[in-house]
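Shared between the two complexes below is chain A, which has chain B as its partner in the first and chain C in the second.
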Partner chain A sequence: MKSKIVWIQGVTCNGNSHSFLNYQNLDIFLKKVEFLYHPLLPSKYSLKELSEKRFDFDILIVEGAIKKSYERGIVSLNTLMEKLSIKARKIIALGTCAAFGGVFKSYDEKNIKGLIFDGEEKKGFFKELEKKVINIPGCPAHPEWLIYVLNMIEAKKKILLDDFLRPKEIYAFTVHSGCVRNEYFEWKVDAKSFGVKEGCLFYEQGCQAPYTHGSCNKILWNEVNSKTRAGMPCLGCTEPTFLKEELFKTKTYMSIPANMPLGVPKRAYLTITGVAKSFKIERLNKRLIDES
Partner chain B sequence: MRVELIEKIEGEAKLEYRFKQDKIDFVKIVFPHYRGIEEILRNRPVWDALAINPRVCGICGHAHLFATVRAIENLYQNAGIDVNIAEKAKLIREITLFCEHIQNHLKWIYLVIVPIMKSIAKINIDQNSFLEIQKAIVNINRVLAIFSGQWPHSSYMVPGGVVCDPTHLDILQARNFLKNALNIVERRVFENIVFEEITVAELEKSKTDSGKIFRFLKENSLLSIGKANDRYLIFGEHSFTKRVKIIKTVSYPVKMKYVNEKSQKSGFAKNVTYKSNYYETGPLARMMLLKPNLIKQLHRAYKDGISTRIFARIAEISFLFKIVEEHLNSIELSQKSYNHIKTDIKEGYGESAVEAARGSLIHKIWVEKNIIKKYEIITPTQWNLSNGTPQKPATAQKAMIGLKNGKLAELVFRTFDICSVCTTH
Partner chain C sequence: MAKGSRKEKRKIEIMDTALKLFSKNGFYTVTIADIAKELEMSVGNIYNYFSSKDALAKELIMYISKILGSNIRQINMEKISAKEKIEKIVRFYFSMAKERPELIDYFLRVYLSHREVFKDGCEGMICVSPFVTEIMIFFEEGVKNGELREQDFFSAFGLFMGYLGGMVYLKGEGMLPNDLDFYINSISENIYRALKNEE
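The block that comes next holds the complex of A and B.
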């Protein structure tokens, strides 16, 4: 029997819905599930019916942050959430807004939160649902991440989660893993400017990839690329701290990046940096592709 | 008064109808959601707007990024800083913007227009047709991601250019993805890449979904419903658009200073007028500027009724496919992607306009000591869905007044390709 899914939205931009429509095997996936409600795709119920009718289903997907009084259809988001969350076997908080509050949180700090988390603290509006909830943060979340979690749930397999309820198979990696600029990071060669293939964006351009959990450079975006591969600094969008300030400049203390690569003690980082910088690797200090 | 909830329009809207003698006498459009983007931007470093603004909208975030980068560049220019964008970066910015338009228009046909048509009368377009078109969307977004890193929500355009430095191999891949997408679209939506130049008679005979949509409108006597004010506005300047208003097919230049945005008593959307008048913006406005044969003929017969509006959006798809291909073929990769700009601003103002999928998008930024003091966004849907008075109805209102029932009004409403999240932002 097809899994029944209800996909609702809180305070959102619809980015996760559209990211989902990028899924390359959507036709195959839709043969296995039935959307009782989806914000874009044709689905069984209207928003009005969603709050009025009685029905059973398996998985609730929540996209967007929770603001209790936010109108959704003919009821408040809180009313809709209370009704649906009881019935759902599992709940997926899809995207950073649903997981932690996200971008829109700063407009109304007290009243906009994630389901379980409010930023880094476990103070979300529905924290009593913790056992049912899996967070898939990202702004937006990659469609493959969502499909993986749905498949695991359907197969009744255990999903190992980190402290922020994120599946480890996706978020144990850093966004830095698999970045094509890794050699420049290893030898501490910074990107001299935007718009070039050469150099690491961690030192000047604000790249947060070395300390951001995510598989962006492992499971590529739109199957072809990633922000850092394209030359854009990672904004740390899978983290509860998203969105920080001054995103295109690296914060430094005495010329040393203020944030260390994940799990790396500052002393270790400085030692390695000192060694790496004492050598000048010719190949990494010139253009990759030139006429010479 | 009867209130209808309209959903699956990137959020929701409410239509409050007033009927008189079995006809819609007046309708008010209310948008319930507000996320405070303009307030979130306040007191942040200028470039943070590049990361925040794409998040206004999941389907046209790229247009918001483009508008942001242009507003910041204008801010620098107004402060006497030289802003030099290489032709290569200009072409890449347009390629990704137009790809966003194409995916938007395709989603609109199959997820917005065909379903509402189905609820009115029989139309022979398979329920699963979207799944075939979705493969085209996947490919179009790959073209985009080759340059922007990902879609949605990239911030790859920065003041001074773009951050990517593509190779010939990237361009080749992009061309192949574009071709894959076009093959699917030509199989389903239109069989002719010069679709915008075909005749109405050819459209009527077409076996594609475009032909089916036309015949549906004709058989149900819907070709000329949904006429608005027949006045159009384009603010975003691109390779095929200029800043004009079009009244009765004649273009006149326009100035930003005559754009006026005003809060409304109910809902969170603000009204927008140009010299106190309501205008339509979007693909129909752009096609009224370009005047391809199909749109010229449709407009002659049905004015700005829904058939002209619907096929303007479809015609724009075929037109944009060609522009994206031309741009891909003419990128000179040896040019610089990015030219460094001095970014220190004591005090200043910048403004911009971009053509988003749904029409003219305006951004305005006020800065003090490199910090955003105020930011204003005027979205295309605000233009099209403002609320006027019964004496002076705004664009979509005018198009719905006089119709016999809410279903038809909903069809007309949806031809404007509503974006709820953008409207209130």
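The block that comes next holds the complex of A and C.
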């Protein structure tokens, strides 16, 4: 039996839908499931039918933030959520907006929230659904992350979640894990601009990878790259604190990064940094590929 | 070596004696034999603790850095303003200069003046890390709570420690008309004014 999925949208930019459409094995995956409704894919029901008909299904995917008074076409998001959430076996809050409020939250702080969470607090509009919900934050979420969760649900396997209801298999790591710039991080060699192959982006360019949970450098985007590998700082998009200000500048207090790598005490970090900076490693201070 | 063990105590005794002799007679004049003689130990026995005079020199700067660092750490842990911390750090530094002048003397006259001794194994901040780390934390917390101004770390570090070191140096040269205590309040005020956030 194919899993029956309903995919609805709240306040969204369509980013997670587009990310999903970029899944490399989408054709194979679509043979395994049936979309009763998806805003972009051919579906069994229209949005109107979705709100009016009685039917059974397995998984509800919510993309976008929740605003109670929001309407999709002629259908109230709130009414739709109330109806579908009762029937759904599992609910996936896909993307940071659905999980925590995300980018759109800053437009209307009080009235735009995630399903279970409002930023870091468990004060979302549907917090009573906590036991059914799995958060897959990301701006957007990587399609492989969604497929992993859907496959686990289909196989009826237990998905271990962290305190923000994120699957540990995906979010127990930091984005820093697997970054090809780790050698520069170890020896505290800064990247002087975006897009260069050399240097760590943590010290000057605002990279949040050392304290952001995610698998971006383990499960590559489009199977080829990640932000940090390409020379762009991680913006911390899987965290409930997303979106911060001044994303391309590292906040410092007297030259010391305001945010430490995850779980690293400040004294330990400063001690190691002081030692590493005492040595100048010639190789790491030169261009990797010398054009001359 | 277990902390507080007999060997550890003896090692500290050697370091304290070496510091006093270096301070009194100069780093290059004092030999391992002089230190042994002062302690009524054999020269060979000293080498059981330190493989060379250079190795002793490096251990000494780490020993001093730990003493300074642990005291400043206590000040950092107090729930007081950056202004009060500045005053406490100045007071502590000057009290060390008075009570154990050989420690500050070694820092200024040996470590900072004879970098050739420390070039292998004490590069950059390695041997003074416990002390510098605490100063970093003091600055970081001061800026974070809005009391101090954001600026480059070394600009602030030089102003603070250069100032204190300079005063102790002048005192050591007999050029200050008053005791160091006399200057604590005015120096603390000067440092605070130079670092404070005026926004």
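Here is the rule we use: the second predicted complex is superposed on the first by the 289 of 292 C-alpha atoms of A that agree within 3 Å, B and C clash if a C-alpha of one lies under 4 Å from a C-alpha of the other, contacts with A are read in each partner's own complex, and residues count from 1 in each chain.
What we mean here is this: a contact is a pair of C-beta atoms (placed from the backbone, for glycine too) under 8 Å apart; a residue touches a chain by one contact, two chains touch by 3 or more.
Just so it is clear, the structure is predicted and the values come from calculations on it, not from any experiment.
Is A:Thr271 contacted by the first partner chain B, the second partner chain C, both or neither?
The answer is second: A:Thr271 touches chain C but not chain B.
Quick one: classify A:Leu160 as touching chain B (first), chain C (second), both or neither.
neither
For A:Phe279, is the partner it touches chain B (first), chain C (second), both, or none of the two (neither)?
Touch partner of A:Phe279: chain C, not chain B.
Considering only the touch criterion stated at the top, classify A:Val180 as touching first (chain B), second (chain C), both, or neither.
The answer is neither, since A:Val180 touches no partner chain.
I'd like to know which partner A:Ile86 touches here: chain B for first, chain C for second, both or neither.
After superposition on chain A, A:Ile86 lies in contact with neither partner.
So in the superposed three-chain picture, is A:Ala258 touching just chain B, just chain C, both, or none of them (first/second/both/neither)?
second
Is A:Asn14 contacted by the first partner chain B, the second partner chain C, both or neither?
After superposing on A, A:Asn14 lies in contact with chain B but is clear of chain C.
Who wins on chain A residues touched, chain B or chain C?
Comparing touch counts on chain A for chain B and chain C gives B.
Just chain B (first), just chain C (second), both, or neither: which does A:Pro39 touch?
first
Please give the residue numbers of chain C that touch chain A in the complex, ascending.
Within the complex, chain C contacts chain A at residues 123-126, 129-130, 132-133, 136-137, 139-144, 148, 150-154, 156.
Could you list, by residue number, the parts of chain B that touch chain A in their complex?
Where chain B meets chain A, its residues are 5, 7-8, 10-12, 32-33, 35-37, 39-40, 44-45, 47-48, 50-52, 55-59, 61, 89, 107, 111, 115, 127-128, 130-131, 134-135, 137-138, 141-142, 144-156, 158, 160-165, 167, 173, 177, 336-338, 340, 421.
Touching chain B in the complex: which residues of chain A?
Going by the criterion above, the answer is residues 9, 11-19, 21-24, 26-27, 30, 39-42, 46-48, 70-74, 103-104, 106-108, 139-140, 193-197, 216, 221-232, 235, 237, 243, 245-249, 289.
Sort out for me which residues of chain A touch chain C in the complex.
So the residues of chain A in touch with chain C come to 252-256, 258, 266-267, 270-271, 274-275, 277-279.
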